[in-house]
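Chain lettering (A, B and C) follows the sequence in which the chains are written, and residue indices restart at 1 in each chain.
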Amino acid sequence: MKSAFTLNRHLVQRFGFSLITLMAVVTVAPIVVVVIYILLQGGPAISWEFLLSIPRDGMRAGGILPAIVGTFYLTVGTAVFSVPLGIASAIYLSEYAADNALTRMIRIAIINLSGIPSVVYGLFGLGLFVLFLKFGTSILSASLTLSIMTLPVIISTAEEALRAVPQSFRTVSVSLGGTRWQTIQRIVLPQALPGILTGVILGLERAAGETAPILFTGAAFFLPRLPNSPLDATMALPYHLFVISTQVPDMPVKIQYGTALVLLAFVLTMNLIATVIRSRARARRQW
Amino acid sequence: MVNHMDKIIIENLSLQYSDGTESLRGISLNIREQTVTVLFGPAGGGKSTLLRCMNRLNDLTEVRSSAGRILIDGENVLDPKTDVIALRRKVGMVFARPVVLPMSIRKNLTYGLELAGERRKSRLDEAVERSLRLAALWDEVKDRLDDPAIALSGGQQQRVCLARVLALQPEIILLDEPTSGLDPISTGKVEAALRELKKEYTIVLVPHSVQQAARAADCAAFFLQGELVEYGEGKDIFTAPKDKRTEDYITGRFG
Amino acid sequence: MEKTLNWREFVITRLVRASGYSAIVFVALIFFFLLREGLPTLVEVPLSSLFSLRWYPIENYFGILPLITGSIIVTVGATLIAVPFGIGTAIYISEIAPRWMREILKPLVELLGGLPSVVLGFLGMLVLSPFLRVFLNLPTGLTALAGSILLGGIAVPTVVSIAEDALDTVPRAYREGAWALGATNWQTIWRVTLPAAKSGVLTAVMLGVGRAIGETMTVMMVTGNAPVMAITLGSFFSPVRTMTATIAAEMGEVANGSVYYHTLFFIGIVLFVISLAVNIAASSVVFRAKRRAERVLS
């Protein structure tokens, strides 16, 4: 009787493990399939002309340079606003904030910011930046909107990176006559930098791929020239993909996939850079 | 027995942390200069707390209440108006676990000076060599000063920590169980360094064993649960303690 | 030298402190602006009309219930997919997979989380919905089901990473105790590890759900955009419209300051409140669990 019981348990385990493994495969396989599929379908569209010239014939021919440039501008714009503010907030939470009600409120605010739907950010950006502050539909409005959306990501990863630095370093620095800021500047921040950088890149990667926040705040479908000031509207890869796949009749499928591929490549490259930074930092850590 | 001046005078010091742990109750103690004063006793006695009061490191912890004074060279360092930065340079501390900063050996040693604004390379280099010699580490590391300090052995790291403190040319050195994680040879090296250092500096040591206390102490103070039970000359305390509790602890009846 | 150091320290400390409070400022700002542009709806559109069953703004029908049900049905579908697959994958990564496999899977899942939603919506339109149309013999593949599948895929990385974290945090001693009592790995997972990670897994699910509710582009591209009441099982297999898609699709065509404009902002308020509720619930689970753990371990 004992052996039958044991056999049964092991069968259950075998079955259970197989099921779970299957689930994991089903979850992860589509990622690989998606990337490969887009690569295969969009690859033929990629050429220097595609990447470096402006669209023709109502987007149906030519290139997507303005969209690429636009996404780049928006990413940089987002970084300019969200990175300093995000890192400073993280420093506050990790090094200065006491464990009181105000700090809890700040944390709740950050959690809320991270949960707000992207389209609601778009509405907010429309209301505040485009209309109220009269920045109009512009790179400025879109970047500011994307920045606030990216802020929680940067704050939480940066804070985690700062907290990971051993407390003993801070104690030693203080015991040698260092002030709090000296300790942060000379030890904590440099040691946390790879982790912070990873978080920043991942946050910006998300911002680069977002459509809804820029829909009413900065994105335009067709602009005759590249934008030359932050107050210009701009084309952008995610928005471009959206419009050509849903609103342009007779759109060559190849170009749609090509655009998707470029956007994907942009995002994946950032992801790769972040991963590389993270693993190199882990290897070189002196603690 | 040379008559040394009192470097540190502790008057009726009491302290309690916010979470209720580790307190000091009415400690009064005089620490003479150019001697090794040992604070020993079982865990929870308040020895580390007392050390951390002396360089105001307790400012970093939540303290519920504190009273009393600590006079160093006649000035009360517990006064809120004290320049704690200058105090911490004057009163250096070596911790129980060797905590080397994530930098090269050289940078570890110059860190304190750079905090103070010293930038001249000649001064920094000179401080590096001087402090490493004092910590009896110069010969072992002089050829690899730019290697990461984390690559050194535990005993060497702890001597780096000692040298790091010495680079600031303090007057008082506090050591909180500095050899607790070290092997006997490294421990011997640290104790030898302290014997040399006491000629110039005032040393307050929390030992990790009664034997180390007996070896190192010029003066010894026995702490039990926040109270100073007795203190006096090293040889007197360890051979003929006046209080029964001291005797019980030294002979190992409790620990 | 000391004086300039102090002055610099003072300024920097002030700036850092101000930055710390900025998150609160932004949340308040967002809420304020949504209210400013959305509350007029309550005045301009009678409540009975607002909560009616018809959304047809051109003829002044501003009933938001179809949109709410659209969001709900797609989110429910997404949850039904994301929860088992998400937790299953998390269990696999945390408890079953060999070390080298973990190092491959974790970045892959993170990659999925980074895929732009518009790309997934695009593929959904061109690949998934034709497939569903043929496979399930439907008039169109642009359905709530398509949306649920894609949203499930979008929510899964969130569920996996938080749940996997939670499982990882369960102390090794728990598992060892179970093994010492003769339990198999499988039994240990189900009876010891998973229950121990319960609050973290719950948080993961809630945040995954939050992500699904808030998704815009994907649903806009694959759910068919028909604002009908989605309350039967059959609704899964027909087009619906979510709140998010409504705002995104119609905001561009709306006159600034009109009733239509205010109503879209009102929907924004509803979304804001829902996501607030979900996130507060999720974080209160974490806070309570952490406090309990702190009490137990101290």
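Keep this in mind: a residue touches a chain if its C-beta (ideal position, glycine included) is under 8 Å from a C-beta of that chain, and two chains touch if they have at least 3 such contacts.
Computed from a predicted model, the values in this text were never measured in an experiment.
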Ask   = By mean C-alpha coordinates, which chain is most distant from chain B?
value = C
Ask   = Can you name the chain whose C-alpha mean lies closest to the mean of all the C-alpha atoms?
value = A
Ask   = More contacting C-beta pairs: A-B or A-C?
value = A-C
Separation of chain B from chain C, taking each centre as the mean of its C-alpha atoms, in whole Å = 54
Note = Per the C-alpha centroid definition, the whole-Å distance linking chain A and chain C comes out as 16
Task = For chain A and chain B, let me know how many angstrom lie between their CA-based centres, rounded off.
result = 49
Ask   = Out of chain C, which residues touch more than one other chain, so two or more?
value = 5
Remark   = Two or more other chains are touched by the chain B residues 85
Ask   = Which residues does chain A have that touch at least 2 chains other than itself?
value = 179, 182
Query = What part of chain B is in contact with chain A in the complex they form?
reply = 55, 57, 60, 85-86, 88-89, 92-93, 95, 97, 99, 101-103, 111-112, 114-116, 148-150, 161, 164-165, 168
Task = Name, in rising order, each residue of chain A that touches chain C in their complex.
result = 9-10, 12-13, 16-17, 19-21, 23-24, 26-28, 30-32, 34, 37-38, 85, 88-89, 91-93, 95-97, 105-124, 126-128, 131-132, 148, 151-152, 155, 179-182, 202, 205-206, 208-212, 215-216, 238-239, 241-242, 245-246, 253, 256, 260, 263-264, 267-268, 271, 275
Note = Given the complex, residues on chain C that touch chain A span 5, 8-9, 12-13, 15-17, 19-24, 26-27, 29-30, 33-34, 36-37, 84-86, 88-89, 91-93, 96-97, 105, 107-112, 114-123, 125-127, 153, 156, 160, 184-187, 190, 207, 210, 213-217, 221, 244, 247-248, 251-252, 256, 264-265, 268, 271-272, 275-276, 278-280, 282-283
Message = Considering only the defined contacts, which chain A positions touch chain B in the complex?
response = 166, 168-169, 171-179, 182, 186-187, 191, 285-287
